[in-house]
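In the two complexes that follow, subunit A is the common piece, with subunit B as its partner first and subunit C second.
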Partner chain A sequence: MTPRSDKGRKLLDWMVKAISVCAALLGLFFLGWILFVVIDRGIAAINWQFFTKLPMPPGMEGGGVANAILGTMIMTALATLLGVPAGLLAGVYLAEFGKHSRLGAWVRFTVNVLMGIPSIILGLFVYSILVYPFGTFSGWAGGVALSILMFPVVARTTEDMLSMVPNALREAALAIGNPRWMATLSIIFRAAKSGLITGVLLSVARVSGETAPLLFTALNSSYMMKSLNEPLANLTVTIYQYAMSPYDDWNQIAWGASLLIMTAVLLLNLAARFAVREKKI
Partner chain B sequence: MEHSATGRQQSWKTSRSMDLLFRGVTAACAAFVLVIMAGIFVSLVWNSLPTIREFGFSFLFSKAWDPVSQKFGALSSIYGTLMSTAIAMLLAVPLSMVIALFLVELAPPKVSAVVGNAIELLAAVPSIIYGMWGLFVFAPFMADHVQPLLSEYLGWLPFFQGPEMGIGMLTAGIILALMILPFISTVMRDVFAMVPDVMKEAGYGMGATTFEVTKDVTIRYGIQGMIGACLLGLGRAIGETMAITFVIGNSSDIFISLFEAGNSIASRLANEFAEAAEPMYLSALMELGLVLFLMTLILQIITQFWLKRVKKKMGGDLL
Partner chain C sequence: MTAALDEKMPRRFTDEETGEEGAKIEAFLHHFQEEDEEDTVSSAKISARNLNFYYGDQQALFDNNLDIAEGRITAIIGPSGCGKSTHLRIYNRIFQLYGNQRAEGEVLLDGKNLLDSGTNLIELRRRIGMIFQKPTPFPLSVFENVAYGLRLHFKMPKSELNGRVESALKKAALFDEVKDKLDKPGVALSGGQQQRLCIARTIALEPEILLMDEPTSAIDPVATRKVEELAEELKGNFTIVIVTHSMQQAARISDFTAFFYKGKIIEYGLTKEMFTNPKQKQTEDYITGRFG
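Coming up: the complex of A and B.
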């Protein structure tokens, strides 16, 4: 494949370099295109009513997504409350107790596999344990589905971050008489703090943009939340339903909601990056 | 609990049972992962029992999807899942390779950091936004500009014939490629960066060009890691739901042409689950979920074993 002559070799090299620059530009171009479209179309939908009003039927002026914003925040908070402590503790087991145990090996493997299972499958699972038996879609089910999504991500990053803490610190903490649990929670956690925060932020960012698992669990609703025992409005399923609808004003609101979600997710990602940077100094 | 006055030694904080409790709680949380995994499998099998009993293995090989006459088969969905993933991999793998090459070998460190971060941001954009953008912006662009060109120059191939509507298998594959591109390219970048400098410098010292060093040194050294990167991307692509649901067109037929509409397992689930009232319909969708679960499970198991091998060889963790 390689041409023999020097000229041919240089030309081929130059061509590959040109292609590689173009590919990088192509990636940037698509990122720019998507960001531009969402900002451009979304900004037109965002006004005071968008944040304060309930959804309106198509054709009626002045609908908003106040209930969906609230619902998404509540479900994300619920998922964080359930998923993060469980994930942290599982990560502690993997890093501190189960480094070489058989259970540790199985769990480590399963955590990695579970991270690769599509979120829509987790939605089906939660549907069959929390929606079908109780006969109604609910905010609880949505929060649980998202927390199952967060759990392996948090567990994995916690294990990675705790494993980076040098053993000397562990030994020093135990040597001054700390029990194991205090050494872990108050000393090793502190050493790994920024990494742990990054992991949590990234997992929150990941679930707050999720749609598929909510389709089968929280569904959507056009009313203000009364309790978590009924279908709960949320931004992503609202985007899905409004974008698929034939009404222009609903599409418009879907763009606004997309802008909102994208901004939140990207800010969380940036925050996570800054948390890491701080550590390096 | 402070019965004796020996101070901290006897406090509940330092008691042995507290440590055991802590260990037990963490182990329980860890074991919960296994419970979830088993729960997913059991619940999917349990809920798809009606169709498993009714259709057996023919479910996997039947094209039928007719909720009215209660005939269900997974073939068109499996085909759509595999086809859209194949298109995505065909586009994303070579692109990721050259992007990784750019980031590691060509760009000055500052440019590389900025471009690398920007590409990683592509991974952070939620799936549903790719879907919106795909449906309202990219699909019309495909219909107006890309598909006419393809059918003019490559129309003699059966893949590029048919209606130029924008939505369909090809558009779904391209958007999927865009979504997995950041995963594959960042892992490949890390693999490229793991190649020891002395090996590359030896190549340059012999008078090799950048391309030749990449081809004969970097790729040869990092091939296992690069395959690992592809496996990770493949795992992402196969279960991707929302973006595909918007643009694949949701038809239950199987067409050779990539311009035609199709469906994938995930898109069918997202689309039809809310309508499925009868037990058989629900069971058929659950069995589709089971098929997707088993596909990704096997793929993830292979990926994990492969990555373990790579780690042993290259001494570093991917992802």
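Coming up: the complex of A and C.
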């Protein structure tokens, strides 16, 4: 028996390391590339009018997407208002009350399936229940479609974050004479706070960039919003329509809108990271 | 490690040694003699009757019968996995957090079976406080950690709340150390301080019974001493049940000791009698360090 040379092993070790570093850098590379292209093309569209003016017909100077910015914000807020409380509560059920129950297992499975449903199908579904019966595309329908998209994401992250809170704290909270719901809201939620905030922020970031669910629900509009009962302008469908158009100035605005959404999503992600970091101190 | 330390203990009682070691034995026994009188009369605060416990299909406790003396410290000792904590965790029904655990039999608290489905768990847990193995401060400030339970169970003006928080922290021998950081997070304290914070939080509610589940196993010796002193000071007002891995701790602070082995209560009686003259072979083997 002679000792094996470690040359081969060292080489293999080095190769695996090198390949995995390359794969990791790939992610960084594409994010950098996307950022570069979007900033490069979009920055020219960003000016004061972009944020304050309504869209103009092709060829006319000085149009903006003020209505779409407002519409996207309102629908995202609506979706957050509907989707986050429902998602949080469902997550609480999964982590605290129905963890080992049969119903809990079914709900968990359903939420996972819901998370995997393509967003365009959700759009079609909401079209069939809120657009077709009422005879008009509407901001309401858009918000509802986005909230359905948000629900499973929030529910799952809530469950994960609450499950990370050690049972010792749960026992301590109950041992002092808390009812279960109170222990959950005042102690367990607080312990999981940063994780929950992160989950909500990421889900907001996720839906604020969705296009497909809005195509069949809010559609788009070139007017300022008067009510939520009519088609509602939004950034993503604007990008879709303007980028497909043959007009250079519309293409330009599509790039500008892309940059805007990208920046917002990036900021939300940074905020989420910040929320997590704050916990460690 | 504890086994090695414990090995010395029985010799102090049985061997007729002279010199320094002998003097120690004298002092040790004298300590017991002093307590003789107070041990004679005490009524049962909690009585377990034919208590069985199951984790799913697996039975963990077998026909436990135990009387916990009012106003005294009862120690529960035994090797790991013998059901000490399991037994303790039935008293405040905290085991119910987990769906697959169940208890059968009776646990009488002042004569009423607390395992009855009609028992008000919130009231039960106010009357029976629990200290856990690991310090579990709530994610709140030091002050709020103690005020939390008070607010939960009582309505009182702010000034009274402040007074009660301060008095609980003083009782837990913590106030001097934290009086300048009452608004700092409870988790920022040291481990020993956190454990005393948990004790303060529990005794603030003026429970009748204090369950301590290896309260010193995760903290340093100095803090351990403080917690033990605290337990000794609190007895009389509180009925204390303490689960411990340390036989020295049981000998130091408890009036009564119950020895658990494989889910059964092998022996129960006055601590001094059990440590000087165990009736059961298994008890003797355990406290002389032959197993466990």
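In this section, the second predicted complex is superposed on the first by the 250 of 281 C-alpha atoms of A that agree within 3 Å, B and C clash if a C-alpha of one lies under 4 Å from a C-alpha of the other, contacts with A are read in each partner's own complex, and residues count from 1 in each chain.
Here is the rule we use: a residue touches a chain if its C-beta (ideal position, glycine included) is under 8 Å from a C-beta of that chain, and two chains touch if they have at least 3 such contacts.
These figures come from a predicted structure and were not determined experimentally.
Here subunit B and subunit C are compared by how many residues of subunit A each touches, and B touches more.
When the shared chain is aligned, subunit B comes close enough to touch A:A254, but subunit C does not. Judged by the touch definition given at the top, the superposed model places A:I39 against neither subunit B nor subunit C. Contact with neither subunit B nor subunit C is seen for A:L82 once the two complexes are overlaid on the shared chain.
In the superposed pair of complexes, A:L228 makes contact with neither subunit B nor subunit C. When the shared chain is aligned, subunit C comes close enough to touch A:A173, but subunit B does not. Of the two partner chains placed by the overlay, subunit B and subunit C both lie in contact with A:M182.
In the superposition on chain A, A:K17 contacts subunit B only, with no contact to subunit C. On subunit A, the surface touched by subunit B in one complex and the surface touched by subunit C in the other have residues 177, 179, 182 in common. Residue ranges of subunit C in contact with subunit A, taken from their complex: 92, 94, 97, 99-100, 121-123, 125-126, 129-130, 132-134, 136, 138-140, 148-149, 152-153, 198, 201-202, 205. Across the complex, subunit A is touched by residues 8, 13-15, 18-19, 21-23, 25-27, 29-34, 36-37, 39-40, 43-44, 46-47, 95, 98-99, 101-103, 106-107, 115, 117-119, 121-122, 124-133, 135-137, 178, 181-182, 185, 209-212, 214-215, 235-236, 238-242, 245-246, 266, 269-270, 273-274, 286, 289, 292-293, 296-297, 299-301, 303-304 of subunit B.
Those residues of subunit A lying in contact with subunit C across their complex are 99-101, 167-179, 182, 186-187, 190-191, 193. Residues of subunit A touching subunit B in their complex: 2, 9-10, 12-13, 16-17, 19-21, 23-24, 26-28, 30-31, 33-34, 37-38, 41, 86-87, 89-90, 92-94, 96-98, 103-104, 106-107, 109-114, 116-122, 124-125, 128-129, 132, 148, 151-152, 155, 177, 179-182, 184, 205, 209-212, 215-216, 219, 236, 239-240, 243-244, 251, 254-255, 258, 261-262, 265-266, 269, 273.
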